[in-house]
Structures are given as C-alpha cells and as structure tokens.
Amino acid sequence: MAEVMSLTEAVSTFVSDGDIIALEGFTHLIPFAVGHEIIRQGRRDLTLVRMTPDVLYDQMIGAGCARKLIFSWGGNPGVGSLHRFRDAVEHGWPRPLEIEEHSHAGMAARYVAGASGLPFGVLRGYSGTSFADYTDTIAEIICPFTGERLTAVPALRPDVGVIHAQQADRHGNIGLWGIQGVQKEAVLSAARSIVTVEEIVDVLDSRVTVTLPSWVVSAIAVVPGGAHPSYAHDYSERDNGFYVAWEEIARDRETFTSWADEFIVRRQSAGVL
Amino acid sequence: MSEASADEIMTVVAARELKDRVVCFVGIGLPSTAANLARRMHAPNAVLVYESGTIGAKPTRPPLSIGDGELADTADAVVSVPEIFSYWLQAGRVDVGFLGAAQVDRFGNINTTVVGDYRMPKVRLPGAGGAPEIAASAKETFIMLRQSSRAFVCELDFCTSVGNHEGGDSRDALGMTGGGPSVIITDIGVLRPEAVTREFVLTALHPGRTEAEAIAATGWPLRISEQLTATDPPTEAELSTLRALKAGVA
Amino acid sequence: MAEVMSLTEAVSTFVSDGDIIALEGFTHLIPFAVGHEIIRQGRRDLTLVRMTPDVLYDQMIGAGCARKLIFSWGGNPGVGSLHRFRDAVEHGWPRPLEIEEHSHAGMAARYVAGASGLPFGVLRGYSGTSFADYTDTIAEIICPFTGERLTAVPALRPDVGVIHAQQADRHGNIGLWGIQGVQKEAVLSAARSIVTVEEIVDVLDSRVTVTLPSWVVSAIAVVPGGAHPSYAHDYSERDNGFYVAWEEIARDRETFTSWADEFIVRRQSAGVL
Amino acid sequence: MSEASADEIMTVVAARELKDRVVCFVGIGLPSTAANLARRMHAPNAVLVYESGTIGAKPTRPPLSIGDGELADTADAVVSVPEIFSYWLQAGRVDVGFLGAAQVDRFGNINTTVVGDYRMPKVRLPGAGGAPEIAASAKETFIMLRQSSRAFVCELDFCTSVGNHEGGDSRDALGMTGGGPSVIITDIGVLRPEAVTREFVLTALHPGRTEAEAIAATGWPLRISEQLTATDPPTEAELSTLRALKAGVA
C-alpha cells in the first residue's frame, strides 16, 4: 500500500547506494524532482536505467551518482549532445561510466519482461548491427514452431522504479494521461517504487488512461512541477527553453558544477529548478 | 521570397517522397519537419507515428522532441512505448521509416552510436533510439542527412541500424521483415539503391549542385546513375509552407 | 482505411468458407450480430478462434459453421455448459469439431504474438498439466540467460478479426471502453477486420480507453445492440436472462434448430435477437 | 433466520480464509461469492482481481459472469486480458488464487476439462480458462468445491491446473513461481496439505458432518488430521450478509 511521504523521506527510505534504479518518463512526466533529491542525498554507485537518459541523467552522471548506465538513446532531444554523459564516457569524468546499450525496442521488451515476471523478452531486432559485439545482454533465440531466428533480451528488474504522474487519489491509486512512455512498466518491473504527483485528488480525473493501484506503489510524494523542465500534460508545458539552455550549462565542467550547486544541492525543496 | 537554403531544399525533396495515406514512423528533427511539410502539401492523410506512442499526430509546428504534448493532443491514438514498437512497428504496420544519421555507408547502413572506437570513442553520439527496429521493420526506409565525406563513409564505426547490409540479398538473409532503405536525401542530391548490388548511387542533383561536389562529399567512390536527373526547385508554395511550418503558423 | 458498409456486405466481402476467424469480446462487447450474419450467409469449415467460446460460438457450432475451435474456456458463464459445443465434441453433431485447447494465458500470449508480428509468445504456463499431450501448439523454450524452462505458444494470425465497439468517428477510428478483453489484439493479429459499432459520432467519447485507427480496420458496420445478449458499456446491459434461458434452448437439437431458424436465419437484419 | 445450507457453510468458511488486504484472483461462481462476502465482513480492503481485467472490483452483488459491467464500473483499474495475465498474475502480484474444480486429486491437482477420455469424452467440461496459470503463479491457491467421490478422485482424467503435483517437492521441480494449493474447502469440511507429502488430509469438519461422510465422499483413502477441528458455525452476521449479498442488497 502506497505511503504518502515527503520527497526527502521517500528517497532516503527507498534509494540506497549501489541500487539499480529506473527513473522513467518518455519526454513527458520525467521525474526530475526525485533525481535532484538523489543528487542532494549524495547517492553513489547507482546503475541508472532509462530508455532516454536526457538532461536528468546528464545531471545525475555529472554529479557522480552513477556507476553504470543502461539505456537506448542518450541525447538532449531536439538540441544535441548530453555533455556530462559524453564527458563520463569519453574521459571518465567525474568517474568512469560503464554502459550497457540497447535500442528502444530492446529496452521496451526488457521492461515488459520484467513487469511480466518473465526472465527474457523476444523481439525482431539487432540482427546485422554491432550491438551484440559490445552488449552481453543480447542473445539469439529460435522459434520452436517456425525455426525463425529472433533476439532475446533479459528482463529489467530495477531495485527502484521512479515516475511522475498527474494525480494520486486519497487511496493512493495513481493516475496519469498523455504520453504514457514506459511508466507502468518502470513501476511494475521494480521491487520498490516512488511516484511523485502534481496533486492528490478525491477522485482521479476522467482523462486518466493509465492507473496504478496503490498496492503496487511504495511511496507517493506530492511535488507539483516535479517533472520540470519536462511537463505534466494539462498541468504544465515542456520548458523547451531550459533544454536549449542546458547545452551551454552542461558543456563545461565548472559551469555545470556551479549550476548544480546552486540549483540542485542548495535547494531545500525540489520541484522548482 | 528569399532563395531556398540547402536544408530547405533537402526538406522539400524529402517531403515529396512521402505519398498520401502513407503510415510514416518519424524520427525527430529534419525527418519530422519533412513529414509535416508533406502533410500540409500533397499528403494530408499521411499518418505520422512517433516513438513516444502517438499515432496520427497532427502537430501545428515541428515538435522539439518526440514527446511534446501537442503530439498527444492531436493524435488519433496514444499508446505505450512498448506497444508502439511491438503492435505497430514490429508488426509491419509502418510503410515508411524516416531516419536521420550521423554516418551512412554505401549500402544505407547507419551509425548514430559512436565515432571512433566504441570503448574509447572520439565522439559519443546519442545512440540507437528507435532506429534499428524502424530500419528492420518498416516496409521501406528514407534516410535524410547532410552530405559530407565525414558522414558518407566507407566503413561505419558502429552499425546501429541495418540498411542493405553488405549489398545484394544479404539483408534478406538476416530475416528482416521490412524492405530496407529506398532513398537517401541530402543537401546535394538524392541517392537510390541499384537494383542488384543494392549500393546507393547518385540519381538526382539539387539546383546548383554538381556531380563533383557530390563525389567530394562522399567517402566511398560514389557512382552516378545513368539516369541522373535534376531536382525540381522548391515551389513558392512548398517554400512558404515550410517556412510557416517552422515558424509555427502553418 | 475502414469502409462503412452494411453488416451483410461486410460479412460477404470479408468472410469466406474455410477462414480462420476470431470473434472476440470478453463477456463485454461480444459481436453477436456478425456471428448471426455468418450463420445466415451459410459459411462453412470455419476455424473459430476465441478465448471464451460462449453462447455465440455455441450457436455457430450448432448451425454447422465450424470445422475447428481454438479456445480456452467453453462454457455459459455463470450458467453451465454449452450444449451445442458439447454435442459437437461428444457426438459429432451437426459435424465433428476439431479442437485446439489452451489456457486463457496461453491464448492471450498467442494473440499478443500475432499482433506483435512475432512467431511465438512466451509464458510461465502448462508445466505439469495434460495440455501438451493433446495440443501440438505448446512447446518448451529455454531462457538463453538463466536456463529457465518456459513455454512457447505460436502466434494467432486469424484471416478475420471481428469485434463490437461503442463508437466509430467520422474518420473511421474505433473507440471502446469498459472491459477491454483482447479486442485490440483480435483486430491487430488478423489480416482483415470487421468492427460493428453502436453508433458513428463526430468525436469519440472521452471515456474511450482503446482506440483503433481507421487504417487498421477493413469494415465498419453500424449495428446498435449488435452485442446482445452481451452488452456495450454505457449503451446496454448484459441480458443475463438470455444466458440463463440459453441453457434450455441449447440443450436439445430440435429446440436449438427451431430457435436458430426463427431468431437468426429468418431475421433479415441482425442486432436484435 | 433459517438454518445455514451446506453451500452457505462452505461459502462462509471459504470467506474466513481470506485475510484483509489480500490480493485475490477470483474465479466466477462460489469463489466470487466467498470473496465478496469476505470483503463485506473482515476483509474490507481485499483486492478482487477478475480475469476480465478488472483490478479492485467492488461489486454490489455476485456477478453472473466475470465480465459484468459493474466490475469495470467499480474497479480501481481495468486492463486488457493479456495484461491481467502477464503484468499482474504471472508477475506474482496475486496473493491468493481462488478456484473451483470439477475433479480434484489428493495433491490438489484440478481437472476442469473432460470426464473420460479426452478424445471421446463422457462429459466435455468448459476447460481451463485462467485456472492453470492462477494455480501456477498465485502465492497460494484456495480450492472450493462440493465433496463427492465423483469429484474427489484417485486419478484425474485430465490435469488442467497443477496443485502439489505428485506430492513432496515435485511441484517445486516444475519451476513454478507460486506456492500451490493451501486449502480445499468443501461442503463437508476443510482439507489442508500435510507438511512433507503435500497430500491433502481432512483438518476440519463442518457442523453436523462426520468423518465417515467425508471418507465416503472421497475417491482416495482420505486421511484424517490428528488435529481435526470442528468448524465454528456461521454467525448470524455472516449468514445474513451472505444472503443479502446474494439478493443484491448488501
């Protein structure tokens, strides 16, 4: 049964050094507030899982939280590179970053397998590409009926799944709508989960398309704007200006560090950049 | 109206490739702009599919990301990311996959992963995203990128998305259900695969461009089609619609 | 692109003798009207696919349309047996019925594989049961990462998928809500599809939770009440009385035949029993 | 209030087995009635999951089918049938699977498929439905059926759903993630598995029932637990709530 608690308590209770943690949200509903709280609490050696490690993971990698990244697309959407991610991969700063690289379809199949209690997922993918030369978690599998060769990928089973949603109701049921991404799978594949919401309501909005019952969620924290500079459909707009500005903030180590110090570390409460 | 820029010509030519009613899986950036231009010109019923799970999106301006809220608001259906890849792309429901690239080779194979050695990269690029399975499963693939000898390479540093593989029928031997790349649209011209070898050759030159330019901007010995054509310049309507689209008023 | 046509035309255009056809709907939204039209048009040698071949398939089997049944639960929900199904299996009347029997989870995995363009689906199922002794379409598959033994089932790929939905919009997009069943998968796994709807509207209702774009549907027929005695959430109630009454109608061959003659064959238009 | 019927006692005893806050995957018929009775008595926060995809349904009366509209109207979430089996049941999120049966054997294996030979059946039963995977994946399974020597058989004609398989640790060897059957509730008494053999033995008798009756109604040599208890008779509250529930007014 989901417990409503502060963002600080949710992260200190459910996130530990060394955890495998998936903060999901596909452009929409990215749980920035939780990521920032993880940075503030100084978590280390995390394995970060995310299909699109965009600006949030750039920040967490630059802040030294991550030992490893499992991902399928690491860029600043519509803008360019993730400079902190590149600096870690290209120069090992602030620490070397191990990577496990997949395609979106492969990552999606891995989340689905995790949420389904299966050890692996199957897809038509990766044939002829270079992925398997560098990624262990890709294997061939043969259809027992047709003899076709397909690809198997192992289930993702994070220790912690983190998402942002528009609403929780008084019973702790979570509701979200708009672009759904892999939010449901991030929670259902994980051993524990943290959900930040824009607000708690008496009855979930009729626009809700994805519902997560209270009993599959560990902690709910009310953090209005907790997805900024991402957005919550019908609550806020994507702050495209921030994504464009990130290019300059992240390009240089010192600029990044002083930005992170001012806008993440010294903020007592998250939710506003 | 001012002269069309090289990017504008590339976008207009790419848009012309899309037929009406086509189901098009669109990557962000130039492909998205081209697809939205097509929808405003000759292909009003083109169905745009974005990997964020929006099917039939009708954005009023080119989105900055594939997850902008307007895509969901204007879509016929919004599905989860796992579903867009399984029930829609992998199932063969996409007619055209529209991809960008950092590197492409003579067979239309694509690298968007690294420049240099994978473990000690010179440049770490964003990686695959949805491209490998778009390239595998779409009935055909359009590739769109600026032509230069750094981008049009003899050998990819990493094969992110398979095109015509090693040429000939080597792609078919991989068991892919999609047909592979049928056109590469650049700022200089248009390349299409030869019938048997499946190697991309130059089939059209944009206004003011030369064969020599194209050859110089290609890292492999580019061959010129015997049926080389000249690209029709962008019409006033195409150009004004493209500009209005980018300004968010089309 | 979905074409709006009469029920008669939809069935005559898209259903042929010998087809593999899936009429789906999980208690809710069962496409009775299409099944009745198939009976009226005298289709034969069909392979009928359905997780819960309830009263509708009892009627189609009793009318002699079916050569084979692929299914996972053949009963009259909450009432008892399907007597026409039993008569076909136990006594070959009106003709022998080949059966291919699975569990719900197996059938669901088969539809998902079909809708996903995969040749097979994977599940934890059937171990230790008798299914594989009688059903060819069950095979063992080994996880290439963990060595675990799991079960593979081949994709379902019907020639025709048939569902009933609440609404189509003017563009032919289909919207339904309430219990979703495997409606989406029945359409997306099939080569062709027929959708009957309660009504055509300008804009789909905001309660819609499952949308099928027009271009994945072959034919739309407007048949208000086309799910009766099943129901369409917010349009009609399940006619539980009919399901109870079916027990007596179906028990006897002659009673069934005269009922079918009166209420199916001699009805010019379907949609009302 | 009139005397409790055998079915009513069975339903009340079954309801008592369900703890509050339990996530219960409910078959239709007697299990559904028992689960809904529990929710009205001591387990108001029990989460009822039906294979129609309704999670947390709170029906006002026992539904005739697992797809009645009221289940969707009162549920916390409604998901597709594929999802209920993959993300919810198979993933191990169900605490208790509540099943009926046509035949059961001494190890709690269940037949709901055929009586007689599969290819020439004496009685063709409805078949599996969701039961095989409920029996495989729920943390524990409750079985509920009327006790008779035709139902409690030495050998199943068809094993639809695996219980404790061949006893001992044979179930574990099948690689199942769920724990298997922990109780069989009948109209005569209650059976639970012995610790080591995993064979079901009689552990409780309902009011007015005898060991001899239980033995006569069992097709295998039924053993009686040394700790045989007497079932507490239904309370007035249990009985009146059950009757109101069935009348659709609780």
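Think of it as A, B, C and D in the order they're written, each chain with its own count starting at 1.
By definition in this document, contacts are C-beta pairs under 8 Å (C-beta built on N, C-alpha and C of every residue); 3 or more make two chains touch, one makes a residue touch a chain.
Source: prediction; values computed, not measured.
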item: Chains contacting each of subunit B and subunit C, listed by label; value: A
item: Pair of chains joined by more contacts [C-beta pairs], A-D or A-B; value: A-B
item: CA centroid of subunit A to CA centroid of subunit B, Å; value: 28
item: Subunit A-subunit D separation of Cα centroids, rounded to whole Å; value: 40
item: Inter-centroid spacing, subunit D versus subunit B (mean Cα positions, whole Å); value: 57
item: Multi-chain contact sites of subunit B, meaning residues that touch two or more partners; value: 86, 90, 137, 177
item: Set of subunit A residues in contact with two or more other chains; value: 112, 117-118, 123-124, 148, 184-185, 209
item: Those chain pairs that satisfy the touch definition; value: A-B, A-C, A-D, B-C, C-D
item: In the complex with subunit D, residue positions of subunit C that touch it; value: 26-28, 51-52, 71-75, 77-79, 81-82, 85-86, 89-90, 101-105, 108-109, 111-112, 123-131, 133-134, 148-149, 178-182, 184-185, 209-210, 231, 233, 237-238, 240, 243
item: Interfacial residue positions of subunit A with respect to subunit C in the complex; value: 117-120, 122-124, 137, 139-141, 143-146, 148, 150, 152, 154, 206-207, 209
item: Touch list for subunit A against partner subunit D, complex; value: 1, 112, 115-118, 171, 173, 184-185, 188, 211-216
item: Touching residues (chain side subunit B, partner subunit C) in the complex; value: 21, 23, 47, 55-56, 76-77, 86-87, 90-93, 137, 177
item: Contact footprint of subunit A on subunit B as seen in their complex; value: 28-29, 51-54, 63-69, 71-72, 78-82, 85-86, 89-90, 113, 118-119, 121-133, 136-137, 156, 158-162, 165, 171, 174-177
